[in-house]
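The first chain written gets the first letter, and so on, giving A, B, C, D and E; residue counts start at 1 in each chain.
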Amino acid sequence: MKLYKYASPAMFYPVAGKMIPWFAIPAALLFAVGLYVGFFVAPTDFQQGDAYRIMFIHVPAAWMGMFLYVLMAIYAGIGWAFNARLSSMMASAIAVTGAMFTLLSLVTGAFWGKPTWGTWWAWDARMTSTLILLFLYAGFIALQAAIDDPRRADRAGAVLAIVGVINVPIIYFSVQWWNTLHQGATIRLLGKPSIAAPMLTALLIMLAACWLYSVAIVLVRLRCIILEREQNASRLAEVNA
Amino acid sequence: MLRWIVWRDLILAWRRRSDILSTVFFFVIVVSLFPLGIGPETQLLRSIAPGVVWVAALLASMLSLGRLFANDYQDGTLEQLLLTPQPLFLVVLGKVLAHWIIAELPLVLIAPLVGVQFDLSKQTLWVLFVSLLLGTPILSLIGSVGAGLTLGLRGGGVLISILILPLYVPALIFGAGAVEATIIGVTPAPNLYLLGAFAVVSLLFAPWAASAALRISLE
Amino acid sequence: MLRWIVWRDLILAWRRRSDILSTVFFFVIVVSLFPLGIGPETQLLRSIAPGVVWVAALLASMLSLGRLFANDYQDGTLEQLLLTPQPLFLVVLGKVLAHWIIAELPLVLIAPLVGVQFDLSKQTLWVLFVSLLLGTPILSLIGSVGAGLTLGLRGGGVLISILILPLYVPALIFGAGAVEATIIGVTPAPNLYLLGAFAVVSLLFAPWAASAALRISLE
Amino acid sequence: MRGDRRLFRGLDLSLSPGTYVQLTGPNGSGKTSLLRILCRLLEPAEGEIRWEGANIRSLGEDYFTAVTYLGHRPGVKDELSALENLTIANAVNGVEVDTENASGALQTMGLAGRERLPARFLSEGQRRRVALARLLVSNTRLWLLDEVLTSLDKRAVGLVRSLIEEHLNRGGIAIVATHQELELSAGVTKRLELTT
Amino acid sequence: MRGDRRLFRGLDLSLSPGTYVQLTGPNGSGKTSLLRILCRLLEPAEGEIRWEGANIRSLGEDYFTAVTYLGHRPGVKDELSALENLTIANAVNGVEVDTENASGALQTMGLAGRERLPARFLSEGQRRRVALARLLVSNTRLWLLDEVLTSLDKRAVGLVRSLIEEHLNRGGIAIVATHQELELSAGVTKRLELTT
């Protein structure tokens, strides 16, 4: 089983090294194209002027933040169930990237909100659930950081991620429901305006770029984690020899 | 044997009655801090009362959860509990049940009294009581997972809170929502049903996750 | 030698950076829970913001205080610190100073960001920042007394809170009062002066009381 | 128990009833880890442990009816009296012991007159004796004792020795990790020395 | 130290330089309490302790420049390396030790190659060795050591013996609470047996 062979961290390390450019370079290219289309080709919005262009970062970031959480939970779960170290490391690597995208969508959302709504923040359902998602990432990362033994950290993280993933839909809907109960939202998100074709193109390109970037950065981070753990292990082995 | 685990924890709690009192006091103090920090307008206070009481309950239960397994862990009893001839999730369930009786039930009972400070109506107090009665088991159940995961870690107190507070959000929304609904004259029923459903989901998953967490922490 | 104690605690905290982050996140999470419990109306939220932020700061600092002496106590380092040839209150002062840098300063820095969530004006955010900068040393100082008294006691987490939360009340009233004043357009100066005075009083008495508490706890 | 192997030491061992295994070795050589693997608190990295022919993982909770493990920490609750500690610990294990038997066991362990004192008033050595009293009332066949002589004075060490001898005579197995020697007059003694 | 009395035991003792006191007695007989009284962590219920003629209470913090106490718990921080543990513990005591001396002391204690490893990766015995290294770099005259041999293997026990012997030869005083015997070839050995 060739695949099985690559599931060992030590074997995967060089493979990951080779894979990184294949994702990083297209990511860079697509970012360049996407930003160009988004900022220069796409027409100015008749309501919001140019402020809406922040969407090209905001929306992919928000999507990535949510997808990556699920992906992280899946990897962590596989790592736990099958004792696959590489999979667990993958989960740890994804967590930071996911948290970063979530934070990015919060920040860009806030910068978008200021010109359009006149406020940095409102307790809108989507914003709130994104914020909670960030907290969930933070919990996962903090838990893993607090545990010295990497194997134990992996498994504890897996339990938390799985519990979190079961909860995410519940949280999402409860927040949705919470906000609409009190008031018809004073300000709605853009809704679904018929987006101009260049806008949609730019959005999709940016989304693809974010995906490629995520893969590349996760691989980089994975390599760091592998290296760090091997070093720790060999340092201990050396001393105990 | 489940019976004995609950019984054991109740005896232990009774020997340390002051802990129970401390949790109740903490709850009361946190709730009372708000009028101090916010100012005395009755109207304002009444409209924030459900949120404040519920958040205080969350925090109080979270603080007491730090002790759910910690004492047993420190003196080696938890290892022994893992080695009893019965499924681990029953042990967890027993301890969670005891924790609810010890740490949450008193809050539920005292909450209407605290609500009076905020000038809530009789009916609202009643809904507050019911919402807490339905909601606090969720806190104990989900909290047990966090308590299991953070066992033996430094900085456990803060860590457990950032793990479980986000997971408490639905309970908070439905619970406080039910009370809020009563205040503005709407029926609290849907909120209470949702709260009950969430409690059932927690009951199904939490003991299982908590026993997994315990095994991991004790390795 | 004071220098070395502060330095030691800072190194230790740096080795466990995640604890610092956890405290900050706890603060942010608690603040965010209130809107979830209370509802999203901007007007209402703005008027409770000072109270909420200050109460969250109180709770966050209280949680981190549990660790002020506990880790050193558990591994026997605290005994050794008591046996150093220097007045005990200097040791306490060093540890409190380190605690403030590690656990309170990050809250002070993040608070304005949190305030943005409540749609506070620029000037209000500024006053919030200053009030916390003046007020958080009080929390560390008074908290050290509680931490010393509850050292090694079970249920320390809850116990410490009921000991020191009542003592925090003046800080809360002046601190939240200053922000409140700014919101309604009055000068926050008197509140801030009172807060400063209270800080000085704490600085004079707390280290002394905390060292007495430590001696008692270690007997 | 029939066979056990351990990755970084290559350990293979099968024990018959009446065997006493003295587990020695310098600090950090893995004594505690081995005992914890034997009672399933730890997973072995490789290899398996069999009890009466069956892998202990497949035995599930039933395995624990045959095993008593006493670890570094005595597992005695400060708030309970010696007597309560003993009876409740057993009840949780599904073995209900009546008060008479329990106080008999405590008396044997030299705790006469202190049975009803909360354990926090007992000295470290006396607390360990409370934990050891569990061996007297249990009817498990495999004893896993970790550093069981810590903080015991000479009288208590003698008590432990005779406890283990009786256990071996009844056909039990005892695996004891210790830095101190324990000369037994009964059963088969095996010495297992771990190295770092 | 000139005189010490203890309410429930009536203890009166004066020690001259170069004396080794071996404190024995069954569990709970008060060994730890006595040592803690001697380093002012506990107040004696009655009687007083004098150091060079002066009551130690009146000596204030100066007394601590003459005393090193090692208790049940080693006082080693998990997050710091062995080296940092040693240097910082001394710096806090007002004795700044340079890295060279410190790692020399750690090497003597058999920790060569592990000086820079965070202490949490050390085994229990090695952590105690880090604590003992403080005895090598300190220049205090009175050593109060509580159960200092706990969890040490034989090599380490030999090290501790020679450490104490050197200390006595330099005119120091050592009071050691222990269940195990420690045969010294230097200094005056006094045995103090406490009873329950």
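Quick note on the criterion: a residue touches a chain if its C-beta (ideal position, glycine included) is under 8 Å from a C-beta of that chain, and two chains touch if they have at least 3 such contacts.
Note that the structure is predicted; figures quoted are calculated from it, not measured.
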item	value
Contact distance in steps, from subunit B to subunit D	1
Interface numbering overlap (same over half, different under half) for subunit B and subunit C	same
Length of the line joining the C-alpha centres of subunit A and subunit C, rounded to whole Å	33
Whole-Å gap separating subunit C and subunit D, where each centre is the average of the chain's CA atoms	46
Distance from the mean Cα position of subunit E to that of subunit A, given in whole angstrom	54
Contacts with 2+ other chains: residues of subunit B	16, 154-155, 159, 162, 165-166, 169, 173, 180, 219
Sequence positions of subunit D contacting 2 or more other chains	28
Sequence positions of subunit A contacting 2 or more other chains	132, 135, 138-139, 142, 146, 175, 178, 182
Residue ranges of subunit B touching subunit C (in the complex, touch as defined)	16, 18-19, 22-23, 25-26, 29-30, 33-34, 36-39, 44, 47-48, 50-52, 54-55, 58-60, 63-64, 66-67, 71, 154-155, 157-159, 161-162, 165-166, 169, 172-173, 176, 180
Subunit D to subunit E touching residues, read off their complex	26-28, 122-126, 150-153, 155-156, 179
Residues of subunit D touching subunit B in the complex	39-43, 61-65, 67, 69, 71-80, 84, 88-89, 91-94, 118
Touching residues on subunit A, where the partner in the complex is subunit C	110, 119-124, 128, 131-132, 135, 138-139, 141-142, 145-146, 175, 178-179, 182-183
Residue ranges of subunit C in contact with subunit A within the complex	16-19, 21-22, 25, 28-29, 32, 35-36, 39-42, 45, 116-119
